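Here it is, the structure, as structure tokens.
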């Protein structure tokens, strides 16, 4: 296919970590062509100045974020912006006929009052548009994504945590009041921001929890969990910062409703649930995932254990926070929105070690 | 005080990470003198060959582990050996009049059948001696340690986890069936063993859980928790390997019996409980510990949060796994056994960052 | 193209880090099919047991290393074995008509007495075969590689160091008696061997030199440098172990023959020299490479500086030691041997950060 | 000694990494008492807010930097400020009778025109004061330091590099036109500044050179080297950023004047040169230093090799950049200035691993 037949796509917020993943993925995607890189603080700079290692294959500058200009040049637009900015751009882009994939939290909530309560932003005036957004977790909502013009891509922690929880919630296998998610993320989750606590000198060779009982991914997980189980679910969610660049591990605890279930039963249920999900790999009994296995891929590895002594199931899931937790999942959604094979242009093999 | 007035001490298993911590600590301890370094595989080697950086201040060779010879030269003996070996040496050493501090699991269990069930070693024939051993957690058992000839120093995970749990258990503040301990350790916890999964190439830039629902520190935590709360306590314990050298973070979850308790209430209770414990630092509201803060010290930092939405308390504790989790806690116990100030020769300030 | 039309290839020594890179690369290579995985200590094991993350896409066991059996199933064979073993297998494989790519040092030396002097192995009896081997550095010897049946793939350090030196040597721009190579490698260069000094606990947060004035990659660099410059060249080569998984940085110093040369002159010369080399990227003035830019790719990034005060050129090159320094360079050589586009199946974009 | 008998000292620039090292060291120093913590951007904050792990032992706030106020409360003042600021404070402090130890570059140069050329600051008007400053490398200038009121503490790279070079320069053993210093530093050398390139996400798992042929520590090394050898010495100095928190390794190359010198000869010369230097440890033949050995100490470990093939000596030195390279060396200087044992309050044993 000639370049002119490719779908023109734009990436707004290209200078951040989400942006550079998208650029890298879409360079190799055979059906699209990057036609617009947008940004605010970096506008006017060459992309290669920001990321010299891509200088030999990206010859684009970061431009302003004018919706009309973007829409004139791109049919699909990825928004990789700080929370609160996508909702200023998306309505215009949609009005111009673009399909929009938003990587921020702006459109993840059906009920904008939840968003406003947890995100402390301005009063949102785009309730109608927010209602039309689809939560971009393809393992759960592929059908809706296929029909959507606006996809709200999930957060990194919710992706890892929900993939570990979905089979349990869907089938009502656990007491939902007992769900605890102890999650661990590499520091790239903090974005390309120069913060003291993310310096190698501070974060390396150390480990800590943060935002205990208050992290904003909590209501996002709860919304989907509630939707799936048909009742209000509250989860205990605790994130930790790990001295590594990429990767999320979610360790999920819940009490089984039926203490007779064995590990083999649960592995069978998980494998069956993810039978047709190319990107979720349920590991054999006794194998637990390493985050490193998922780096640079769209994969989620899942291992589990049942503790007969305590009646609990413990599920461990591993993803690359910038890929399945962000950029490659967005590309997966785009593929589905466009009616393409959901795997086009998405890496499935890491380099190890 | 002249060198000849110092207490002669021996370290058996000096070549491992526990051993080298003990050597380093006892070199600077003003009341003791290292008179014996023992080992098996490394016997005959100069200690400086194993650890060249200490060549300028340690001029000792590793010797065989003959109890008679050790007892002739040392009055206090630290055993830093793989599980199952201390119980072959300790009875003889005690019979020769030595005081013994064992850093392995051999004497941590009142009921040796628990040990045998979880540690799969030979049948133990030293039940009487095991009964006389004291669990070396000074924040809980200082009085007993002062009287003991044989101290079983706690495991690294149990130290961090129990210090986070003690005030809750002692006062019956939580539903003990809801206790979940999600623990994270640096790779030095695996010892100075050349295992593939502990290679930098494998363990760096990655993260995983291991021994889910089956780690041998589980019954150790349960024994003390049960002792303290006066009923049988089962805990959910999940260890994780973190890409860093040293440090343990324990994130502990439990449901409060009284949902009216606030974070401030709990902080008051914790500060009160640890009022006279020099080595446990309860952090101000809103501050959670970093493992890095404890490196090279005997300190345990504790932070906590109460989640009013879920009725749970989340406690986070941080220690250096090789210090408060192993060697410096053993020295703390020795100080108590000898009737000295418990702080003599124990570091309390880390280097940061 | 159907699978049956693909070229059958074997990987001997598949369990190591070189092996797993080759497996990963060749799974995605559109013109080959892996038909044989060989090994000695791991023979009989499933590949997925060694590398569970590849379990979903590799369904092969490690088999014995019988040349006849390998040759019956594979037309091209990669040998990723410890030094000294390839020379036991290669003669038979060649006699059976296989093309062989050896990743060890066995066939890197024209003069086997050099090999024997630096590698202390058995007396080699395959001088004739060694004479026919081609050094697999495609940027220098693509023509010879295209004709070869046996390619000796370069070491990781020589690849990085020679790519930094080639333009200088080819054009006689520096005093060859002043060449100093200060090289730095991630610990994966030590292979998947459980050695104490490669443990994360030891190697992390530290840095040291090793094999000063005696590393076996020295004569390999000297052989090519001498060949290129037409006179005997000795280099000063010092390797260092860096606390990271992958990547090599070579910092090369030499005195310019003509002190009038400027940085811009040299950049022009380098860009011209590598004009048709797809995998070497000469960076703009003022930009020096980061090893991270090359991870997971076959790229070599080069930056340079001229110090007018001292009359020296300083060239810095960065590669992924397991890719351009090992596995992907071998695939590049195979592509050339088979008359294919040299880029088929070789990654050129890293994930950053 | 009662607290009131201790020497009152001030630390200006206490919020940075140099400051927090000084605070930690001086807390444990038996002869001094910290009476003043000064800073500009952090003035008004509690020190414990900046470094919560020290909250239990430091109860001081950061105050403004008024010379009169500082001098009223402290007799010795450490200035740990960005370059260019010390020279605004030091003259006043000296006039008030304080002894001053400056950790910046402001007073390291006898000839302020060199400073102005490399540091691009304002025109300096304190040439007289600069002339009276003593370069605080105790292994070389202990006598002058003992007499000084103003000590210019060396940079981290110069400390490591000069200690490796001193015996060679003092005795004229090498051709001084051939000196190359390839130095590697952990990222804490960049200070507690939130810069993108120092983020864990960027700096971890990577390696690069920077400031090639232009780093400002070059003239500092050259000044001392020239002073020592009695002729103008130019050195080639290349710094690299290593993915670790602390530590510097300097790999120094030079051609021996007399090619007959052996490694044993040189080791004898080095051991003799440093015979009375408590903090420099020359390692046995065949042992090269690891930076980790020096962490948290004032030690410098040195190993060396002679390459008979090339006629060069290669010396490798390792220090903790924040200790011997900064704070503990300053304390060592203070001890000498005060006529105390130079070792008082200075750590000499690291924790390993």
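First chain written, first letter: the chains are A, B, C and D, and each begins at residue 1.
Definition applied: contacts are C-beta pairs under 8 Å (C-beta built on N, C-alpha and C of every residue); 3 or more make two chains touch, one makes a residue touch a chain.
The model shown is predicted, which means the values in this text are computed figures rather than measured ones.
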item: Duplicate of the B-C contact set - from C-D, A-D or A-B, the pair where over half of the pairs recur; value: A-D
item: Winner on C-beta contact pairs when A-C is weighed against A-D; value: A-C
item: Chain C and chain D, separation of their C-alpha mean positions in angstrom; value: 39
item: Intercentroid distance (Cα basis), chain C paired with chain A, Å; value: 36
item: Centroid spacing, where centroids are CA-atom means, of chain A and chain D in whole angstrom; value: 46
item: In chain D, residues with contacts to at least two other chains; value: 17, 186, 188, 192, 199, 201-202, 204-205, 243-246, 290, 292, 295, 353
item: Chain A - residues contacting chain D, complex; value: 17, 186-188, 190, 192, 194-196, 198-205, 243-246
item: Contact set on chain C toward chain A in their complex; value: 17, 20-21, 24, 27-28, 51-57, 188, 192, 204-205, 245-246, 281, 283-284, 287, 290, 292-296, 301, 322-323, 348-353
item: Complex contacts: residues of chain C adjacent to chain D; value: 178, 180, 182, 184, 186, 199, 201-202, 204-210, 212-213, 234-236, 238, 240, 242-247, 249, 251, 253, 288-292, 295, 303, 305-307, 309-310, 312, 314, 316, 318, 353
